[in-house]
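Heads up, the next two complexes both have chain A, just with different partners, chain B and then chain C.
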Partner chain A sequence: MADAPRFVVHFDRPDRTYDPLAPIVVRYEVHGLAAHDTIRAVEHSILWYTEGKGEEDLGVHFFERIIEQERLPPRTTGLGFESVLPASPLSYEGMIVKIRWCARVRYFFAGGRDFVSEHEFLMGGIPPARMPETGA
Partner chain B sequence: MTPRLPTNPFATRFTRPGVLPPLDRHGNPIDTARLVRSLQTGAVVVLEGPHGHGKSNLLAALLAAAQAGGRETLLVRMRTGLDAWKAVAAALTAPRRACLGCDGWERCPPGTTAIIRGIAAVRRLSVIVTAHGPLGLPVLARCGTSARLLAALVARLPGHGDLIDGHDIDDAFTKHAGNLREALYDLYDRFERRIRERCLAAQTTAG
Partner chain C sequence: MKLQRFFGKKRGHRRTGSQAWASFGDAAFHASLLVAGLLFGGLLLSGVAVPEWRMNHQFQPTDAVVLGTGVVRRRVTEPTGSVTMTWQPTVRVRYQVDGRATEAWSRSSRSTITADRRTAVDSLTRWRLGTQVPAWYDPTAPGHVVLERGVNWWMWLLTLVLPGALVAFGGSGLLRSLGRWGKSEERCAVPGGLTWALKPLASARRQDPAHPAVPTCDDHVNSPGTFLAFRLPIDSPESWTLLGIGMFAVLWNAVLVVLIVNAGIDLLGGRTDLLLLGLLVPFAAVGGAAIMVFTRRLIVASAIGTTQVEISGQPLRPGGTYDVLLAQGGAGTLESLEMSLELEEQATFRLGTDTRTERLVVWRQPLGSWHAVERTPGTRFEARVTTTIPAAAMHSFATEHNAVRWALVVRGTTPRWPPFTRVFPLVVFPAASPVAPATILPAP
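For the complex of A and B:
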């Protein structure tokens, strides 16, 4: 089985914390591509998803699919994408449900193999939910 | 910076059907390829077991195994009786000899189950359904659980540090009478409580 490539991702804000409506710039390098790996397409997305108990939800804020060979590795090395974040939903650390934002990179290789790499960031400054007080 | 608590390994994204491997009641892997090979075309078979006993997970794994074996597969989750018509449509449009999964067969009105069975026979489909009790259909597998199975599943989840131990697993299993879905939700709650207690204690110490 082929080794998975390794992505080194850099956000323009080193603490990976953004305000709503702020611009976000994501740059990355990909390592560990085998010489025989032929990349058919690359997808970049910025999305939020819920994590917790029960039903899950997600929303894609930014998406692009690159299929032009001159824009794909190995011909291109400086890869990245950018967008302006929406007003909501804000990152949230609830007990039953959490809202996570992430930048996602997906590589599609010849032969049908694909590889996904997710890199989380925070939007907003909502503190984690506290446990409800118990007792009398 | 807003604190980001560690990921809860019992969240649905790690435990929903199709993510964890199907295990038998003793915690051993189920040979899904063998079960798929035993499927007859034109027939409906059932995965039987109470709520939270792994039927949906096994169904997802069987469809994945069928797909890996080169068969077309479709899955219909029946949340209401109306979804039975989605299953009818899937049976009508699926390629011949495809493998169709219907999760929640008991929600199908009796008339539609007869229609789906008829279509399956004519189009040589293999239909796998889930049900809580006997339906008079051939049983492909009976799903059972044990505390050992729950422990085996927990061992396959992302790390939970030392926040959940064997006593929690046994307790959650007993409290929910073998319903693994509810037991995993219970462990989710325990993890949430303890990670917050730990973070609060760390803040107090640091302060």
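For the complex of A and C:
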């Protein structure tokens, strides 16, 4: 996709691993915005979602929607958001249920289209699940 | 001009499909259901409910003289092309309207329409010619007279239930669609606001307030134990199976009884329906088998006896050590009895039009195993063990379609009966202190 914007995201912890109840700071830069791309709104969120065999469940911990033009690119360059993580759920790599945490940035353009950029991080230190029979 | 896209890649960095078009399709579907419900309800109200209400509240009372009786014949053409006749009794009466004599055929409710002419004729025997009977006429159309009033509850129920279901389903769906209109999935999932309407099942799930997506342990702490602090509730798959088989046996045999009664009435009336008699044989076999299976399982459940598990603390935390008491009632010998601590993942997904749930035990720690357990009536087998939740263990997790569940599982075998399994769910909260760096969960 030649005209897709490119996001460079920086977490305040380089290993992107956080404890529950820890503060999290996300900064990002956006490149490749076309001249005709008029940004209508930006949404920042920190959320978890499930992956695996089941239908996806999703829980939003932090959400903000910015519509003021003076706070939107290209007028502003200091883009980012921060929050304090909740106590649960912790990131989990199960066999048929996985829980992932991520920061999402969603740009809404004039004309109804939007672009979403998702960046995973870990919360907690739960090791991957294993089958009891394998013992591996 | 670019065409709108309805679907986008599931993850990663991407342009998404049009939220507005997806919302439009959803809203159009639910709006059509809502409109159909309103139209259907309007037709029933104007055609049935309102005339009946007017008849009961606005018609003027009068005395009428019965002049004659008859039946109205109607020819009904079925969609298949076949033609049937219906018959409705009616009475010719003379009555006074503002001092002026009026004659008219009475109008009966639709419930008097029958496909059997004799039934319609027989119902007229109570109207004797020349007798005076109470009547009610429509003041706006004096030729419209009825000899009976009342409420047709069945029709009112039909009026409320069918269109009401369409209006409720279509209206709530339309509200949901409008609530999502042009919004991202994150915005729709933000707690509060319209979340209860957009995802009623998810918002109704009981979560611990301090621990999102962790179920509460209210049901686990409201029953004190005999020796330890809490008695755990049981979630036995065998109990649900027993209940399911019992309900199937009752429903199946109820249908069987209806068929037998019909066949008996036919035989007494000198008619023999060979198809019905032929169907009764396999139906009776299935019904008998269902009763036998249910009775056997009931006897097994009673013979094995009750299982109780108590625990010293709630809620459980990774790294915590807890005393567990197993008590097994009943009489006789158990070949073996074992208890384990298990971690199970549960995923619910749709496959076509089916909704399926897959369960997988991903961690199991045996807590105790006993053999040749002798039980005598009046006393119960008791065993006390200690268990430790691994420090790096996953906490309990429950959402609409996915779950990670902890449980104490008791399995037993008997010389006479099939093996049994009884499950006692636990709730494990996340560790109170920050989690240590990832390590491999210790092998049980």
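In this text, the second predicted complex is superposed on the first by the 131 of 136 C-alpha atoms of A that agree within 3 Å, B and C clash if a C-alpha of one lies under 4 Å from a C-alpha of the other, contacts with A are read in each partner's own complex, and residues count from 1 in each chain.
Assume contacts are C-beta pairs under 8 Å (C-beta built on N, C-alpha and C of every residue); 3 or more make two chains touch, one makes a residue touch a chain.
What you see is a predicted model; the values in this text were computed from it and never measured.
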| item | value |
| --- | --- |
| Side-by-side fit of chain B and chain C on chain A, or clash | clash |
| Contacts of A:Pro86 with chain B and chain C, given as first, second, both or neither | second |
| Touched partner set for A:Met95, first chain B, second chain C, both or neither | both |
| Contacts of A:Pro127 with chain B and chain C, given as first, second, both or neither | both |
| Of chain B and chain C, the chain that contacts the larger number of chain A residues | C |
| First (chain B), second (chain C), both or neither touched by A:Gly59 | second |
| First, second, both or neither for A:Asp15, with chain B first and chain C second | first |
| Common interface residues of chain A - those touching chain B in one complex and chain C in the other | 52-56, 95, 124-127, 130-131 |
| Residue ranges of chain A touching chain B (in the complex, touch as defined) | 15, 17, 49, 51-56, 91, 93, 95, 98, 120, 122, 124-128, 130-131 |
| Complex interface listing, chain B residues touching chain A | 1-5, 7-8, 11-13, 16, 185, 188-189, 192-193, 196-197, 199 |
| Residues on chain A engaged by chain C in the complex (per definition of touch) | 1, 4, 7, 19-20, 22, 43, 45, 47-48, 50, 52-61, 63, 65, 86-90, 92, 94-97, 99, 104, 106, 112-118, 124-127, 129-132, 135 |
| Partner chain A, residues of chain C touching it in the complex | 11-16, 18-20, 182, 184-187, 189-191, 202, 210-214, 343, 345-350, 358, 360-364, 392-395, 397, 399-404, 429-430, 434-441, 443-444 |
